[in-house]
Structures are given as C-alpha cells and as structure tokens.
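Have a look at this one.
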Amino acid sequence: MSHAAAMSASRPMEGMKIYNLKLGMWVFLLSEVMFFSSLIGAYIILRFAHPEQWAEPNTVLNVPLTGFNTFMLICSSVTMVKAFAAIEHGDQAGLRKWLIATIILGAAFVGIQVYEYIKLAQHGFVPGAAAYAAEGGPLYGSTFYTMTGFHGAHVTIGVLALIFTAVKAFRGKYTSTDYGGVEIMGLYWHFVDLVWIILFTIVYLI
Amino acid sequence: MRRSLEAMALALLFAAASACGGGGDADTGGEVATDEEVGPAVSPDSAATVTGVVNFTGTAPPGEPIDMSEEPTCAEKHPDGATTEQVVAGDGTLGNVFVYVKDGLGSRTFPTSSEPVTLDQDGCVYHPHILAIQTGQDLVVKNSDGILHNINTQPTVNQGFNVSQPVAMETTRTFASPEVMIPVKCDVHGWMEAFIGVQSHPYMAVTSTDGTFRLENLPPGTYTIEAWHQRYGTQTQTVTVAAQGSGEVTFEYSADMAGRPVPMGEPIDLHDHGSDQRVAHAGR
Amino acid sequence: MNWNWLLPEPVSTFGSEIDSIYYLILVITGIIFVLVEVALVVFMVKYRHREGRRAEYSHGSTRLELVWTVVPFVLVMVIAWMSMRVWLEAKVADGHAPADALSIRVAAKQFEWNVTYPGPDERLDTADDFVKTNQLHLPVGRAVRIELTSDDVIHSFFLPEFRVKQDAVPGMTIGVWFEATTAGEYELACAELCGLGHYSMNASVTVHESEAFQSWVSEEGGQTPAVETPAPPDTSAADLEAASTTPPSGEDHSSHQPASDGKERA
Amino acid sequence: MSTVPVEVGHPSVQHWAEPGHRDDRSFLRKYVFATDHKVIGAQFLFMSLFFLLVGGALAMLIRWQLGWPGTPIPGGAILGEAKAPGGIILPEFYNSLVTMHGTFMIFFAIMPLLVGVFGNWLIPLHVGAADMAFPRLNMASFWTAVPAGLIMLSSFFVTGGASAAGWTGYAPLSAVPEYSGVYLGQKLWCISLIVLGFASLMGAVNYITTIVNMRAPGMTWMRLPLPIWSLFITAILVLLAIPVLTGALILLLFDQTIGTTFFLPPDGGQPLMWQHLFWYFGHPEVYILILPAMGIVSEVLSNGSRKPIFGYRFMVYATIAIAFLGWVVWGHHMFQSGMNPYLGATFMTSTMIIAVPSAIKVFNWLGTMYRGNIHFHVPMMNAIAFVAMFVIGGLSGVFMASTPVDIYIHDTYFIVAHIHYVLFGGSLFAIFAGIYYWYPKFFGRLMSPLLGKIHFGLTFVFYNLVFFPMHNLGLDGMMRRIYDPNQYEFLQPLQPVNTLISVSALLLGAAQLIFIFNFVWSLKAGKKAPANPWNANSLEWTLPSPPPHGNFTTMPTVYRGPYEYSAPDRETDFWPQSEPPGTRTGGRREEVHA
C-alpha cells in the first residue's frame, strides 16, 4: 500500500510497463481497429464484386483537395507530438501552443471534408441508390460516405477532446510528472490520423 | 453520469411513445372519416338517381385457368377448375367495373355506413374480385379456407397492411382516405388478386355481369362519373340530375382497349424514408 | 417418430454416403458420451464425501493431458477427412454432376417455389420452357442439375429424403445436383426463415419413372398456358404493373420491391 | 513474485476499505449510480435476470404455438389484434417471438449474466484490487446497457412489431421492411444492439486493464483463478468481436434508413457479406457465452471436490487456444449458404480442431473429481450438471461440423437442441452454480439449500425432457423457426413429440419460479453468511460477507494458486491464497453449507 500511495498516478514508473489510462486507451484503440477493418473489409468485398460501380480516381472525387487535407492531418499529428514532448519537459506554454495548433488543423480537416461533401452531393454523388446520379454506381457513394463519414466523426470527437485537453492545459492541470491525459489524447489522435492515411489510399488513390 | 441519465430518459421516452403507438395496432388508421361532422343529409324529396350500364364490344378473352393443384383444400372447391376473373363479360356488357362519383359532390360530407363490407377468401379466390368501400367503413377480411392466407394490400395514399390468417378467422381493417384502386394480393397463393375502391361518399358501385349499376339518393347536381376496369382502364362521363330526377350514363368498352395504362398508385418505394411514418400513423 | 437416432430412408445417390458419415460420427460420439457420463456418475458415487475422507492432492498429469489432446485430435481429423470427399461430391455441382444431367431452374420467392422446366428439348431459355409453381417433378435414376435463385429474400431449398439443402440467395445462381433413386411423392421445404409465410412455403416433389416423366414433360410442354410462362405475358396483371407500378429507377430496382415484384408474377 | 504496481485510473491511487469508517455516500451514489464493482455486478444481475424472464416468457409462447398449433392462448387476447387476435398467435408474431427470444437470451441475459455480473463481482476481488481500473467507466457501462435493453423491449410495442428476421438478422429479410412486415422494430433492433455494443466495449476495456495492471503482489498469471482467465480471454473476444457486429449493424441500418444497398443484390449488394460479418462476430460470441461459464464451473468443481483443479495450465492453454481458433471457424455457420464449398471444407477442418480444447477441459473436470472428496452442495450439483450437459452439446456439435451431415441437419431442430445444450445446459447451469456459490458473498446471506436442490432437480429433469427430443425432431427433418410443422406431411407424425416438449417446457418455466422465490426470499430471510461458507481459497473469502466498499483494508499478498485443496500435513483441507506460508491451521473451517 505504502509504495502504491507514493506513486504518482499517470506516469510510467519502475516495475510497471504501462499505466492504466494508457493501457485502457491502447485496448480501446484495438477495438477501433476492428471496427474500421469491418467497414474496410465490406468495402473491399463490394468493390471486388462490382468494380464497374467505381469510377476512376479524380473523375468524381477531388483528390488534390483531399490530398492537401491529408497533409494537414499529418501535420496535426506532428503538432500533437510536439505538445506531448513539451509537457514531458514541463513546458506549459509549449503544450498550450501546440495543442491549439492541433485543434486548428483538426478543425480545418473537418471543415474541408464537409465542404467536399456538399460539392459531391451537388454533383449527384450521394449515399443510397434512389438519388444516385454520379459516375459509377450507388455502392461507390454508399461506401465512400460510410467510411469517410465515420472517420470524420472520429476526428470531430478528437477535436472536442482536444479542446477539453487544452482547457485543462490552460488551467495548468498537466505537469512533467502527470501528463497521462495528453498522452492518451495523442494516442487517439495518431490512430485517427493513421486510419485516414489508409482510407485516403484505398478510397481516393486506388 | 448525467449522460447516462439522459440516455435513460430517452429510452423511457421510446418505450412510452411506442406503447402509445402499439395500442392502436388493432384498428389500422381507423376513425378519420368518422370524426368529421356529418353535413346536411340528402333530403329524400330531392334525392336523385343515376343509373347506367357498361357496354362491351368485341370478344372477351376467356378467364385463364388457375393451377391450384398445390393447394388441395382450394382445388376441391373448384371441381371444374378455377379461372381468373379479370374480364367478366355478359352479352355485350362488362362486369367487375368500379363506377363512382368522381366529382360534383362539392364539400359535402356523408355519414359512414355502419354496415361492414366483407372480403372473403374462399377456395383461394377473393370474393368479391372488385370491392367498393367507404372511408372508415369496416372491411372484414374472412378466411373461409382454414389454410394460411396473408392479405397484402398495397395502397398509395392509404396505410397498407399485410396481415396473415393462419386459420379460419376474420380480421377487420379500415381505410382512411379515398383511393382508386388498392391492389390486394396473397403472397402464399400467387394467383389471388382483388382490388378495393375507397371513397368518402357512398356513391359507388361495381357492375355485375349485365354491366348495370345504380347510384341512388344523390343530391341534385352535375357529376363526373368514372368507371374503372383493371384491364380496360378508366372512362369518365358527366351527368346532371335534377331533384328527384334520374340520369342515364353509358360507358363503352371494347376488347382492343386492353393494355392501356390503368391508373393505380405507384408502388411503395423500397427506400421510402416515410415508410415508418406511414406505419406509425396507422397506429394512431 | 424415431427415438432410435436413425435417419429417414435416403432416396438420392449420395444420400446413403452422407448417412454413413452420420452413423460413423454417431458411433464415435456415442461411445465417448457413454464413457464420460458413466465416469461422471461413478466418480460422483465413489468419491462422494464421507467422514474422515481426504481428497488426493494432485495437480494433474502431463502424460494424461497429452493423451486426451492427441486422441480427440486424431478422431476429429479422421471424421474431417472422411467428410471431405462426400461433401465435395454432394456440393460441387459442376464437375461432380454428370454431363447428361437434366437442368431445371428453381426461383424461390415469398412464399412459393417457381420451377422452370426445360421442356421436351431439355434446354432452358427456349420457347418450350414451362413453369410450375410449388411442383417439382423429377425423373428417377437421372441426375438433375438445379439452378437455384431467389427473387427477394434468402430461402433454403430443402429436400429431406434427398439429403439436399442449399440456401437460395438473391443475386446469386447456385448449382445444386442430385440423382433420385426411388420414384414416389416427397416434399420440398423452405429451411431458412423468409417471412410470415415461411412455414407454409412447401412444394410437392414427384419422382416419376423416366418414361412417365417424359410423357409428363411432353404433355405439360405441349400446352403453353399463359399463366405459366415465366416472362410477364398478356395477363392483365402484368399489363397494369408494367404500365403503372414500375418505378422510374428502372427494372433492376423494382425486382427487389415486394410492391412490384409481387405483380411481376405471371 | 511479480511487483505489478497498483493504482486506479488517473489521478488517485486505490481507495482501500477503511475499517470502522462509516460509508456516507448518498443512496444514489451507493445503489443507483454506484461505482463500486460489487454493486454494479448486482445491478447487472437484476437487469439480466429480468431479461432472462422476458426471454423465458417468449419461449413459453413459442412452445404453446408448437405444442398446440392454432389454439388460442388462454387470455392471450391481451397481446392485441396485431399479434394474437383472440389469443391465436399469428405467424408474423411468431417470427418476432423466435427472433426476440434469441436476441434477449443471448445479448441481454446470458452475456450480461456471465460477463457483466461475474466479471464485475469477481475480477477485482480475485486479483486483489480495491475496485476496477476505471470505476466510472464501469458505471457508464451498466447505464448504457439498460437503455439498450429498454429500446429492444420497446420494439414490441411499435406498429409492425418487433424484429422478425431471426436473431441472426439475415439480410435482405432484415433490410427491407416490405419483406418482413417489420418497420420501426427492425431499426430499433439494430440501434439497441449498437448501444449495447458500447456497454460491452466499456466493460471489456475495464476488465483487461484491471486484470493486467491491478493484480496484487504475488498474483502471477499462473496463480489467477480460472474464472479470471476465462473472463480475461472473454474480454479480449468482446473487445475484438463486438466492433465488427457494430459495423455490420450500421451498414444494415443504413440499408433500412438512408437507402444504401450494402446487402441488397439489385444494386450490387451482397447478402452473404452480412452473414460473413455477422458470424465473424458471432462465433467468438459463442465462446463469449461459454468461456466464463467454464471458468465458474472449474472454480466450483475444484471447491466441491476439495481437490486442486486437474491440469490448471492445460485449462489455461485450452482457453487461449479457443480464443485463437474462435476467429477462424465462423464459416461453419454458413456451409449451406452458397459459400464456396472448398472454403467450407477448410472451415470444417478448423471447426473440428476447435473441438479439441473443449474436450481437454471436460477431461480435466473429470480428473478433478477423480479421487476427490465430493460435497454435493447446490453450486456443485449445478456445476456437475454443466459438465454432463456440455458433453452432449459439444458432441452434437461434431455432427454439424461435418459438412455433409450438416447438409441434412442444418437449420433443423438438431441445431436448436445443440445450441440449447450449450447455452442452457451449459451456460445457464454454470450461472446457477455461480449465483448459488457467490450469493452469500455479495448479499451476506445464504440461499436456501433445500429450495436450491428442488429447483436444480426439477430444472435438470424438465430441461432434458425439453431439449433432448429436439435432436430426434431434427433428425426427422423438422426445420427450425417454423410456425406450424403440420403444414408438412412428413412432420405431422412429430406433433405428439412437440406437445410433450411444450408440456415439459411449461413445467421447466414453472420450476424457475422456485429459484426466483429462493433468490428474493433469501435476500431478507436467508441464513446469515459467514465469511467463507464453502471453505474456498480465493481472496474474496478472506473478506466479510458482503465485503466493504474498497474490498481489502490493505493490499493482499498472494502466496499460492487458488486451488490448493486437501494439501497434505494441513489440518484444514483448504489453503487460502493470501495465507502466509508456514502456518498449518488454515482459515477457521466452516461447515460446508450443502
């Protein structure tokens, strides 16, 4: 008990590989992997069954714009790392600065995605068979919106969580010995980023 | 914790709301016609009558044989084979034509007949084949065969129902709004088919083989009368009747009219987002 | 009702082979079942608590563990190996179905089986094809190759005495083959929940002697009753459907629409 | 001995129980929005027992229809014109009944009973922790499961009725309202299961973190009680399987609502894709439903036999093996689905292999009883019944695993018999064993042994009368999920058997009332429970019944495995895990409360 009490809660410590919050987040991310792989699996099955329903890249989707969007998301991962590095060295100002940067980049990603959705919808590229009017077939639209949509939702949740983290950061809740919140936030954010890189490849490039 | 509270509340709401929805299951879209206040009844001294006949020229195609060997119970009821009833023609006349006042009654409202109309399933055939019913009037669907039938109505404006009758039994339903025509089918016996014409007023009839029909107790006025045949399409006539007077209407059908588009509701769209609402209303 | 765990008499060529696998498994599992349950009861009696009794203090034996890991493994592998051949013979229609097999098309829909017979020329999609609803007629002693499809939901084509079962999946054409060995009257059942009429989605199966089958085909194939041809013919139903109930999105869309597909029936 | 540090989620360390400290939490925090794993376990217990009753009631209606087809249920008219006019169950309602019976029993009864109840009750106590790693997440898990259940329940009352596409929800039947005649109900079914998925997920994260991180000093992996091993593997399966179901359900929901066509052929959708996704979740699910039961039974058998569990390590290895193999056998649910037959052949092989670990477990249980000193207390009886019944369920599985035989018995009552021998004869008997065994620990009172024995006896007899004949029905070709077998000539001779089964089923249902009475009555009037009524070894028995909030006053230290029974040269025949070595007189011996 005594040595347990002595330990600070959310920092790795001798004898322990990984602390609760972090382990919990890793475990949660595992299930997220399974969720996205079910969607991606469905996508692959359908696309192999009906290649004719898919149009060439760039005919329907705006690849350059999304490419830029992807770049921004990758940058946001970098800023997240910077934020984490900052707090590891107790640099509060750095933490806040980089968190804000990450929030901005994340929000921008969501914004551009929404803009893209609107454009696509005007083009007749919609989920569902009834109103589908773009190149390719209804499955194209359905799978596109399902996969990018659920990723978008994850990014949005991530941005909200980031804002929450930032607020705590501005309240000085994190220290060089207690940065669990920032670290698991980073884990989640990198995961979302990673998923997007996969989605971007299979949805936009192939 | 607060979140979970809300979740609870939401779920309870669900349960409550749906419970209300459930109560009404029995009477699909009932009441409607009944709760409008009834307009001035047609005074007998001014009541007029429209009679008429539906003539038919050319040779009527014979009813096509129905193979019921898969359903012995029904086959037995048709010792000399069953045939389809789409064209029931008499001597130069056409039966199974739905005739009704399409226009001219203005804003008048009429009491709903308390007499139920029966659609009987006997020998895997609907009796009658064409059925006229008022909004809100009870439709009693009867299963005289004692084998599984399901009554699958596919209206456009009304709330459809698809209910099964595993044993000899009766099911009562009503229709809320006028519609011409509502197809009825049985998914267990592909050949079974009937059509229901719904009007908010009582001025409608189905011609018998001799092609005649009679619309009684009409208020004096000018009316558009429409005749509907499932195969030969629709025709309209206008007739004016004075108080206590009577009018004659004659519809002319011929065999070569077959295949013309017959006005009928669009089918339920598979992905019609309204589908829930449509059903939900029924439960009111 | 059998309480003796015997299967009904098979009436198809591979039926008896399937049954032999079944009986093999029945014997193996039966022996294991008896041994285990008996051991259980014996232990319960023999080692029940009595005053002054103390249980043996042992944590197990690796040797035993290996034994009861390897033995079951070998047993199930034997069963799997023996099953494999019969399975492929019964299920892989092309390759295993004889070349002279008679082709029949079965289209399942809520809630009936529409069977398209090739007619006298024994070729599908020709003028003399004819459709029978809920009636499956087969020749004895000749392989039949069924092209199984579904118009709406998943059904399952189940011929108990023939040891034939295959789901009918919309959007797929699945080959099923078997060869009847005994003439007689049987039943075709739907084994996959398909809606409110699922339980009554049965059809009569008649296995004719071969010449009787020929005569049946010629008499049925001779007349082509409008009601029974597959393509929507001149029946009024088809007219008004074609005219009014096909949604703008086109044929393919309507084909999985009960509203209209019910009416495409002819 | 390992020194895995102990600390609860950020920022506090574990709050151990403080002796003499009066618990001043408000009623709400204590019993409603509680974070104490013991209370949450109890909450899960009451919720899932309720849904167990619901599922049972549905089963009674099903059996009524099959036993006396078309006969009005006495007073059945209250079900309403749309479900049972005049008490005669309509086919569409019957389909809802079979669907919801399966759904409730699997997702809202057996699963929460095994994972929710015993996971919460046992994990922190067995590993020697004050509570779960994330107590508030734990609370959220329960309060997410409740609305899920209510949504599912509410679907009975919406127009069109509850889902009628089978608990497996095969598309297109489940995707197109016009096919099933079910409108809102089918959507509620999807939504409810998606919501429940979140609850399961939160639970799994908690369990895994707690078991990995919060084991007391000395509680090495190979000293974990077997229920914890089972729950650990189960949590991993839940963690990885549930998201796949969620994904599939979302696609299905889209097909129903926004007009996508993932599973609708005319626009290129793939009906079989639903089956692959569903069973990819579904087969691990099968083991989610049986592994914890196996753990509980191992615990009780060893205790009842007063003998160390036979081959502890092999039990663990078998559990792990099942967890791995469980992912490569899903196709055996789809042999007749139109899946490529060669693929089916490979699935047959993997399925045959997965039978081996189960066999190992059965033999180990026998080995545990061999030369034991068997006390027939009520939990023990249920545990032995589990072994006896699970053997039948396991062996009948081999028939289905053999693809050619499966051609004939697939979708017949043989599979119905099989699943009920595993889930009722298996899981449910284990659940009874577990409840009788740990009830005193968590409610502080013993359930009446007499009533317990009567309940067990009746349940065992009628259970077998209900489900064993179903094998024969299946062998005679009776399909599952049919409203009235008499529609088929070849099934008409079976009607007497169906009636027999229905009579037994009604009696089986009635027998459960004894359990309910015993459960409720003992809460108030039961004999006060001592700390260790069964003379068991694991950590929870060193605590008072019920244990205080925070469980242990100080972090326990573990010196040995949990199954050290009848160790030589000890006076007592048990040896608590936390008892320091050297002492010969173990914890004070209780009269075993048989």
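Which chain is which? They are A, B, C and D, in the order written, and residues in each are numbered from 1.
In this text, contacts are C-beta pairs under 8 Å (C-beta built on N, C-alpha and C of every residue); 3 or more make two chains touch, one makes a residue touch a chain.
Being a predicted model, the structure only gives us computed values, none of them experimental.
Looking at C-D alongside B-D, one finds more C-beta pairs in contact between the chains of C-D. When chain centres are set by their Cα atoms, the one at the greatest distance from subunit C is A. Separating the CA-averaged centres of subunit C and subunit D is a span of 32 Å. Averaged Cα coordinates give subunit B a centre that lies 51 Å from the centre of subunit D. Centroids of subunit A and subunit D (each the mean of its C-alpha atoms) stand 35 Å apart.
In this assembly, the C-alpha centroid of subunit A lies 56 Å from the C-alpha centroid of subunit B. Residues of subunit A in contact with two or more other chains: 128-130. Counting partner chains per residue, subunit D has residues 90-92, 176, 178, 181, 258-259, 264, 267, 269-270, 483-484, 487 touching two or more of them.
Annotation for subunit B: residues 148, 162, 164, 268-271 touch two or more other chains. Of all the residues in subunit C, the ones that touch subunit B in their complex are 110-112, 132-135, 195-197, 199-200, 203-204, 225-228, 234-237, 239-240, 243-247, 253-254, 256-260, 262-263, 265.
Considering their complex, residues 64-67, 69-70, 84, 86-87, 147-148, 150, 152, 154, 162, 164, 183, 185, 187-188, 190-191, 193, 230-231, 258-270 of subunit B touch subunit C.
Remark: subunit C residues 1-3, 5-8, 17-18, 21-22, 25-26, 28-29, 32-33, 36-37, 39-40, 43-44, 47-49, 53-62, 64-65, 68-69, 72-73, 76-77, 79-80, 83-84, 86-88, 90-92, 110, 152-154, 156, 158, 160-161, 163-167, 169-172, 174, 186-187, 189-200, 202, 252-253, 255-259 touch subunit D in the complex.
Interface of subunit B with subunit D (complex): residues 1, 3-5, 7-8, 10-12, 14-15, 18-19, 21-22, 24-27, 148, 162-164, 166-167, 169, 171, 268, 270-271, 273, 275-276, 279-280, 282-283. By the touch criterion given at the top, residues 90-92, 95, 98, 164-166, 170, 172-173, 176, 178-181, 264-267, 269-272, 305-314, 336-338, 341-342, 344-345, 348-349, 352-353, 355-356, 359-360, 362-364, 366-367, 369-376, 384, 387-388, 391-392, 395-396, 398-399, 401-405, 407-408, 410-412, 471-472, 475-477, 479-485, 487-490, 493-494, 496-497, 565-568, 573 of subunit D touch subunit C in their complex.
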